[in-house]
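The next part holds the structures, each set out as structure tokens.
Two complexes, one shared chain (chain A), two partners (chain B, chain C).
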Partner chain A sequence: MTIETPLIGHSAAEVVDESLSGVRVGVVTFPGTLDDRDALRAVRIAGGTGVQLWHGDHDLKDVDAVIIPGGFSYGDYLRAGAISRFAPLMEQITAAASGGSLPVLGICNGFQVLTEAHLLPGSMVKNNHLHFLCKDQRLLVENSSTAWTSSYGEGSEIVVPLKNQDGQFVADERTLDELEGEGRVVFRYVGGNPNGSRRDIAGITNEHGNVVGLMPHPEHAVEPGFGPDSSAFGEVEVRGGVDGLGIFTSVLQKLVNK
Partner chain B sequence: MTTETTSKKFNIDTVEHAEQTPEQPLPWAELGLKENEYDRVVEILGRRPTAAELAMYSVMWSEHCSYKSSKVHLRQFGDKVTEEMKEHLLVGIGENAGVVDIGDGWAVTFKVESHNHPSFVEPYQGAATGVGGIVRDIISMGARPVAVMDPLRFGAIDHPDTPRLVHGIVSGIGGYGNSLGLPNIGGEVVFDSVYQGNPLVNALAVGVLRHEDIRLANASGVGNKVVLFGARTGGDGIGGASVLASESFDDAKPSKRPAVQVGDPFAEKVLIECCLELFKNSIVEGIQDLGAAGISCATSELASNGDGGMHVELTNVLLRDPSLTPGEILMSESQERMMAVVTPENVAAFEAIMDKWNVEYSWLGEVTDTGRLIIEWDGEKIVDVDPRTVAHDGPVYERPYSRPVWLDGVQADSFSAEAPTDLRAAVLELMASPNMCSKDWITNQYDRYVQGNTALAMPDDAGVVRVDEETGLGIALSTDANGRYSYLNPYDGARLALAEAYRNVATSGAKPMAVTDCLNFGSPEDPEVMWQFAESVRGLADACQELGVPVTGGNVSLYNQTGGVAIHPTPVVGVLGVFDDVARRTPSGWREDGQAIYLLGTTRNELDGSEWANLRGHLGGQPPALDLDAEKTLAAILVNSSRDGMIDAAHDLSEGGLAAALSEAALRFGVGARIGIDELCERDGIDPFTALFSESQARAIVSVPRSEEVRFNDMCTARNFPRIRIGVVDAENDALDVQGHFTLPLAELKEAHEATLPKHFG
Partner chain C sequence: MPRIVVDVMPKPEILDPQGKAIAGALPRLGFTGFAEVRQGKRFELTVEGDVTEEVLDHARNAAATLLSNPVIEDVTRVAVIEDAQ
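Right, the complex of A and B next:
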């Protein structure tokens, strides 16, 4: 049975690079997932082919990379991501990703799922101000050698939306030191810590650099007219920020050049 | 301990038993029925009702469900609709929500509803389930919900009870709406002590569908199966529509907390996806959401709108609490439930989709052609009624109404305080005031990005959402109301609310198409409140006719009063507009250095009912004069300017007048401007204070690229609409510089504008 929804047509937005269309990027839908269609749109705008994956299936449909999108899978009941990690498809993903081969990106709730599945260390707790917060967030890209960040220059900044309730990244001091020491902090909040995350960490990677998780939403900064009002790369039109697109082009280019 | 099986644990009041015991007293008064209404039930049935039948009639004949006090007035919305206004209307008033044709085979359904009483009693759940309820109305039409908005009104910002309500209601709306993946694209926040014991929580939802996908709530096809799916039925929300929403609050009565429903947004999100899959595969013949009056409403409405009969076995309903009585099951307002009619051939396909999404369901019965709604409890008949008498033939009241005696005195009391000498301080005070301050602290708790189609959201004039990704076809929505204007003159107040929402939609660049309304008033049993209601409906219906935009649906909320004190009459009006391409939407702030700033319209000395008068504790006189022809021309200018690329920014003038519009337009992107108002004062014969603070209608400011100035002026001349160049965008100097009067650095203005809500609630 298909899970496609009838109301999303093909975007008129310009595709970045036609030569990337052979790359298949799977986007997982759990009950309660919200940003799955947005992630598929981002893959398409970046030039790749998005593939819908259903949490209950056992089949990765030959995808070259996987995105676990944002939302409130299983209502975030118990703990964000705590139930989703047991989905049948997560077993396939964990097996394929832990060896360092399958590129996996967890966005927001997806990041929470990756920590629950122990593909990434640490955990997310409620924001220190206890509110859901939606804002355009400036990030520093500290590691541009992961599968998902190679399009950015080392040390470049980007602006992408942040929107969550449980976005405060926590880990014990040893883990934090390890992450810092191994250069595995991929994104750091700039211009103020929005939620109390330890050491301003917004996103991290595993030891192989194929699994990346971040709380902000790059898929909401890929299409002119529907992104943030600003960009770290200079003046843009109203809602013209597309700083998140590099995340998606990174993985497509890496897989094409593999 | 042994547990007896469910069926025999109650003394079931069967139809047979009711016939045999005509004298048995029933608690009709406790369930909210009046004596004459109970007598009518007995007359319709030819016997006393059973306990279950009494439960059904009491909720369905409540003010909230039957519109018994408002019906005679609401007819005007239908009567005053012309053939021309119906042109784009695919479904009008009476269904779960109206449906409007927006072209290319696309349709939009939208509606605003109230959840006022529950939100005072239990703010988080009340507000959350308000969002949930209106979203289910939209799904029921066959649409995918694409956005929500929330017009809110609270008591005084510094009242000790206000933080409880603000925190609870805002996090309830966010907690539910964010979890559904629906962008929140706008709304209103007003603080006024008249709403202290009666906050207004209105929720608007909008959905998108193809023309051929429209679904209606009816049960047709004898032998088709009736199924209840979604969450289980529990003991929450029993009597929500009757004893809670249809009565005033009174300190002497016990808390009505058990009458508030409890929401589960995750269950609703799954229900949305599950319903869309049912629609896509054409599995359901008719569908109805369960909101007010729960199963009573769904069964009686589905049956009476279809072939006229339905047979239901009530013990099949899946329960959260097995101790519920049949009457409680019929009245429960547990959330996240839907009822559908499915042909026998589609039963297996229906079950497969439920199983895929892990949604529980139970087959309750089937459609019949007997003209009777029969409900059985373990095979014994407990309801045997003509469903029309429950759903549609409720009482209709011609409530007495009379113009309040105090109104002449209030209208004669014009605002006459001296103009402040320090205009700079006055602008800062205005922009930091509870009603004009930045609402970011609230709106940043809502997701405005999800679905990736939001082209504008707060604080712009209207929320704008793309519908078709290939063409950019999209919609704009704005909701507005001004309770103070309506208090001074309810007829004009309703017209002004429509005019502002219409103007906001046009300011964003969209063509206004259709209207939804949420009419919030005090007790209809008070003739003065009833007069305010009657005048508001008459005003809104007249103005809709004049502007050529039909009301497609909405909601009436009465009894918003505590003891003898009613809220200001507050008719919230939502206007839907259409874009051929959302790429040309106009934001509310300017960005380009050197662009010319124009003021469109005429400014008069109109401070009665204004925000400034409100800040000085004054409420009297008449609201600003309304000229709907001028509103139409202004809207045409704004839409055409957007279409032809003549303007880069536009912001409407309403509460707070020119001072507020200039401040907001500058703060939107943090870009300053040099403004001169002396020429304006001379042209319109007003002083600088009036120029800045008057709330004259049919006005907007726009920023025009130099290359477009001639064309823009020619268009205004051709339409004979007053405009005056009042300044220029100044990106170099980060200030709002009203030359000859004051200079306000944007940092100082921003600080004052943004500090108010965090100070009270942060």
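Right, the complex of A and C next:
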């Protein structure tokens, strides 16, 4: 008798909802992107269809939503996200997203790309302690009406990994007041500010709620066995945290019900 | 060949973590008397041919769009330098 051992990275997770498989979510790869595979996998585990997109193409391949994943696109040369912002595919994404139609999620380096592309306000500078930081981070979901957070209850907390060096969100006071006043702070750090971000802001959205950027990584908390050791929803097994999955099911459900 | 120099500095109201770290290291090495350090960037654009007003305009536009991010940085100089030979 042969016993099949699951391969590392073999998806053991149950697909959440079969009806979501028709939704196509594109994940953009730039030179130096690291987490594109993880984002594609998160889309698949949430029940959708992941579509690989290349930064140099002019074709969005009829995707219904786009994720700009984490990594160090163009080695973070010049400024994080500064060169990627001018990639041919970014023109298409900016045009489709700025009017409020195409849902776009920027994670970590993707958030930096979205600020450089002026799809989101503010910018990221080096962490105030100057170190690369990698930890499981608790976040408050302050806005659950965006395309990417509707699966969470307002005021829910989640635990997902945070890993970056240029993670300090900055903006001028007027912009910060505007973000707060319009309910556009989507995620806030809980349990201490890990990087000096203004007003503990971890993620924000645009005026339409279709574009969301955050520094922590929900795509690394979607599959039992590969997630954080803790969850904001209760006790979990070692590496059993899947609090990030709701980000991906949110957008899939929104697109199916539209 | 002539070069255009572009200097970019973090905005005064933005905390400059790198400058702060350098400011902390200076006195440890005995370099005292400095109240603050801010770290910026210098770009050198080598020009093919002469520096015309059009070329300078391109440099200014590049400085404002690609070389700096106006949310966190100011372009403090766009100037022509000749090679000292």
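Structural remarks
The rule is simple: the second predicted complex is superposed on the first by the 248 of 258 C-alpha atoms of A that agree within 3 Å, B and C clash if a C-alpha of one lies under 4 Å from a C-alpha of the other, contacts with A are read in each partner's own complex, and residues count from 1 in each chain.
Here, a residue touches a chain if its C-beta (ideal position, glycine included) is under 8 Å from a C-beta of that chain, and two chains touch if they have at least 3 such contacts.
From a predicted model like this one, the values you see are computed outputs, not experimental measurements.
In the superposed pair of complexes, A:Tyr74 makes contact with chain B only, with no contact to chain C.
Among chain B and chain C, the chain that touches a larger number of residues in chain A is B.
In the superposition on chain A, A:Asp64 makes contact with neither chain B nor chain C. Contacts of A:Gly196 after superposition: chain C is touched, whereas chain B is not reached.
Contact with chain C, but none with chain B, is seen for A:Val125 once the two complexes are overlaid on the shared chain. With both structures placed on the common chain, the touch criterion links A:Glu142 to neither chain B nor chain C.
By the touch criterion defined above, A:Asp243 lies against neither chain B nor chain C after alignment on the C-alpha atoms of chain A.
Shared contact residues of chain A, touching chain B in one structure and chain C in the other, are absent.
Looking at the complex, you find that chain C touches chain A at residues 10, 13-18, 21, 66-67, 69, 71-72. Partner chain A is touched in their complex by these residues of chain B: 144, 146, 171, 174-175, 178-181, 208-210, 213, 264-267, 269-270, 273, 276-277, 280, 352-353, 356-358, 443-456, 466-472, 582-583, 587, 591, 669. Taken in their complex, chain A has these residues touching chain C: 78-79, 82-83, 86, 115-116, 121-123, 125-130, 168, 170-172, 196. Residue ranges on chain A touching chain B, taken from their complex, read 1, 3, 5-13, 31-32, 34-35, 37-38, 41, 56, 70-72, 74-77, 131-135, 161, 163, 165, 217, 219-220, 223, 225-226, 229, 238-239.
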